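Order as written gives the chain letters A, B, C, D, E, F, G and H; numbering starts at 1 within each chain.
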Amino acid sequence: MPIAFVLINTETDAMEDVLQSLKDVEDVREAYSVYGVYDIVVEVEADAMEKLKDIVASKIRMIEGVEATTTMIVVQSA
Amino acid sequence: MPIAFVLINTETDAMEDVLQSLKDVEDVREAYSVYGVYDIVVEVEADAMEKLKDIVASKIRMIEGVEATTTMIVVQSA
Amino acid sequence: MPIAFVLINTETDAMEDVLQSLKDVEDVREAYSVYGVYDIVVEVEADAMEKLKDIVASKIRMIEGVEATTTMIVVQSA
Amino acid sequence: MPIAFVLINTETDAMEDVLQSLKDVEDVREAYSVYGVYDIVVEVEADAMEKLKDIVASKIRMIEGVEATTTMIVVQSA
Amino acid sequence: MPIAFVLINTETDAMEDVLQSLKDVEDVREAYSVYGVYDIVVEVEADAMEKLKDIVASKIRMIEGVEATTTMIVVQSA
Amino acid sequence: MPIAFVLINTETDAMEDVLQSLKDVEDVREAYSVYGVYDIVVEVEADAMEKLKDIVASKIRMIEGVEATTTMIVVQSA
Amino acid sequence: MPIAFVLINTETDAMEDVLQSLKDVEDVREAYSVYGVYDIVVEVEADAMEKLKDIVASKIRMIEGVEATTTMIVVQSA
Amino acid sequence: MPIAFVLINTETDAMEDVLQSLKDVEDVREAYSVYGVYDIVVEVEADAMEKLKDIVASKIRMIEGVEATTTMIVVQSA
């Protein structure tokens, strides 16, 4: 099943709210706020590439306070 | 317990080997090769910050073929 | 004829609309939404450098929802 | 069919050679040297995601002189 | 005691104001405006990781005019 | 005399206007719009570091449509 | 006449030598070492795009100690 | 007195050694290894800009294992 990591930058005052909203997004396996260049790391696992696209484009990117996303599609696991 | 995500860039011909080596690193929970700016995403969970530092600095960064690492310490989970 | 690739970042909720708008921009040969640091990749081919400048500066950058562009002028083809 | 754009950085004196080598890589549709942060842009179209992975990981990244690659998987076309 | 460096980008016309506001943030040891990719460098020292998180997330990121922050947690000192 | 290069990113529809405004900024020796990651390159030469700071912070960054600046102070000339 | 700015990263111990070598490259108008993400800024003016390509690809990038270049082609002057 | 922050990337297995070497560099006030995009943060304070240049170019960048540096000159303190 296709997996992706989404690195999120939020508006500076919206990090906590975005993190809470991610809990309710279907197929989100893990979501953490982190120190560094990105504000939040999300791991998504869907049952098809088309589904993955919908979660990122129509769910995660639409959360208020999300400013930019960088999506890394998993090639293979260790 | 402290968690970190480590984004790794490898020498272009070493990605597969680095990924295999990561399987044997203690406290590595997940490791994936990915498409994008980074080559590999690793999730590490240790029982103390000091331990986390050792895994990143003395284990992961020492794997042959690892060229650069960006470590993001988890602040909080969703 | 001068060719350029334009890497586009859109507002997070505008990717689909920007992609549709690009279909109507003259001299756009290909436009794709992509996973990664950039949201959209566009290939433009114009009959002169001056024309290319107009397409990027006066057409593509003016589309609503386009936040930033990185233009790479082609030096030579394989 | 899955499409990807690969942005390549080469050793500074190897750009021309890498570009020539790319001509012989199966499923490479276009390859251009460009001005900017990246040295070469490649468009690849394979008949399956697994095949795409092989071209990028086992062919393009193995060309001598290729220092780093950033692969963007196409989500949808305009 | 945990130390962090926070690299701040401000709205272009707010650098001076943000710098002044940082003077009043508890546990900020040093704050400088700088030339380069970032606008302001801040050094924070708190008595616990949890406290550090609060200063960055609830104080520094909430200052009006702060657009983005990159936080680097100190691993060890020279 | 201290020299600096300022790399500017503008709002996508403001590049031309910002370029025109830069013509009237004192001590600006050259200003060009460019293709790439940055939109405009400016060369500034002032008679003191303090003056240079004022031009960048109080003049260039205050031009409407300027979103971000990266200033590189010249160390030495060839 | 086409103008380009070339941002250069050098091997850490080669900055001075690269700067000296640039003095002898034809059509180099200015070359400065700078503080920041890049080590050297070069301004090149050639009488044709083809010539500009040769200076960057066959002269500047071939100087020993040059590790990476980012070339920005000038669109228009202020 | 001019102050600068130097962000250092080291070879992956040299971070500890570089950090130790920095202790002996004159005018280095603080040096820390950090988690994130950069490996080490250094604060330097010299009695003149010319001196600062020498410390960065002839001392810090010459330490074995230092791969790249980004120097941020302080404009003003809070």
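Note that in this section a contact is a pair of C-beta atoms (placed from the backbone, for glycine too) under 8 Å apart; a residue touches a chain by one contact, two chains touch by 3 or more.
Remember, predicted model here, so these are calculated numbers, not experimental data.
Note on E-H: its contact pairs, compared by residue number with those of D-F, C-D or C-G, agree for more than half at C-D. Just to note, of C-G and B-D, the chains joined by more C-beta pairs in contact are B-D. Placing every chain at the mean of its C-alpha atoms, the farthest one from subunit B is found to be F. Centre-to-centre separation of subunit E and subunit G, using mean CA positions: 35 Å.
For this pair, subunit F with subunit G, the centres built from the Cα atoms lie 19 Å apart. Between the Cα centres of subunit F and subunit H there is a gap of 26 Å. Residue numbers of subunit E whose C-beta contacts span two or more other chains: 33, 35-37, 57, 70-73, 75-76. Touching chain pairs in this entry, ordered by label, are A-B, A-C, A-D, A-E, A-H, B-C, B-D, B-E, B-H, C-D, C-F, C-G, D-F, D-G, E-F, E-G, E-H, F-G, F-H, G-H. Of all residues in subunit E, only 4, 56-57, 61-62, 66-73 touch subunit A in the complex they form.
Listed in rising order, the residues of subunit H touching subunit E in the complex are 3, 5, 19-20, 22-23, 28, 30-38, 41, 70-78.
Only residues 9, 12-13, 15-16, 33, 35-37 of subunit H touch subunit B when the two sit together in their complex. The part of subunit H that touches subunit A in the complex is made up of residues 35-37. Per the touch definition, subunit A reaches subunit D in the complex via residues 49, 53, 57, 73, 75-76.
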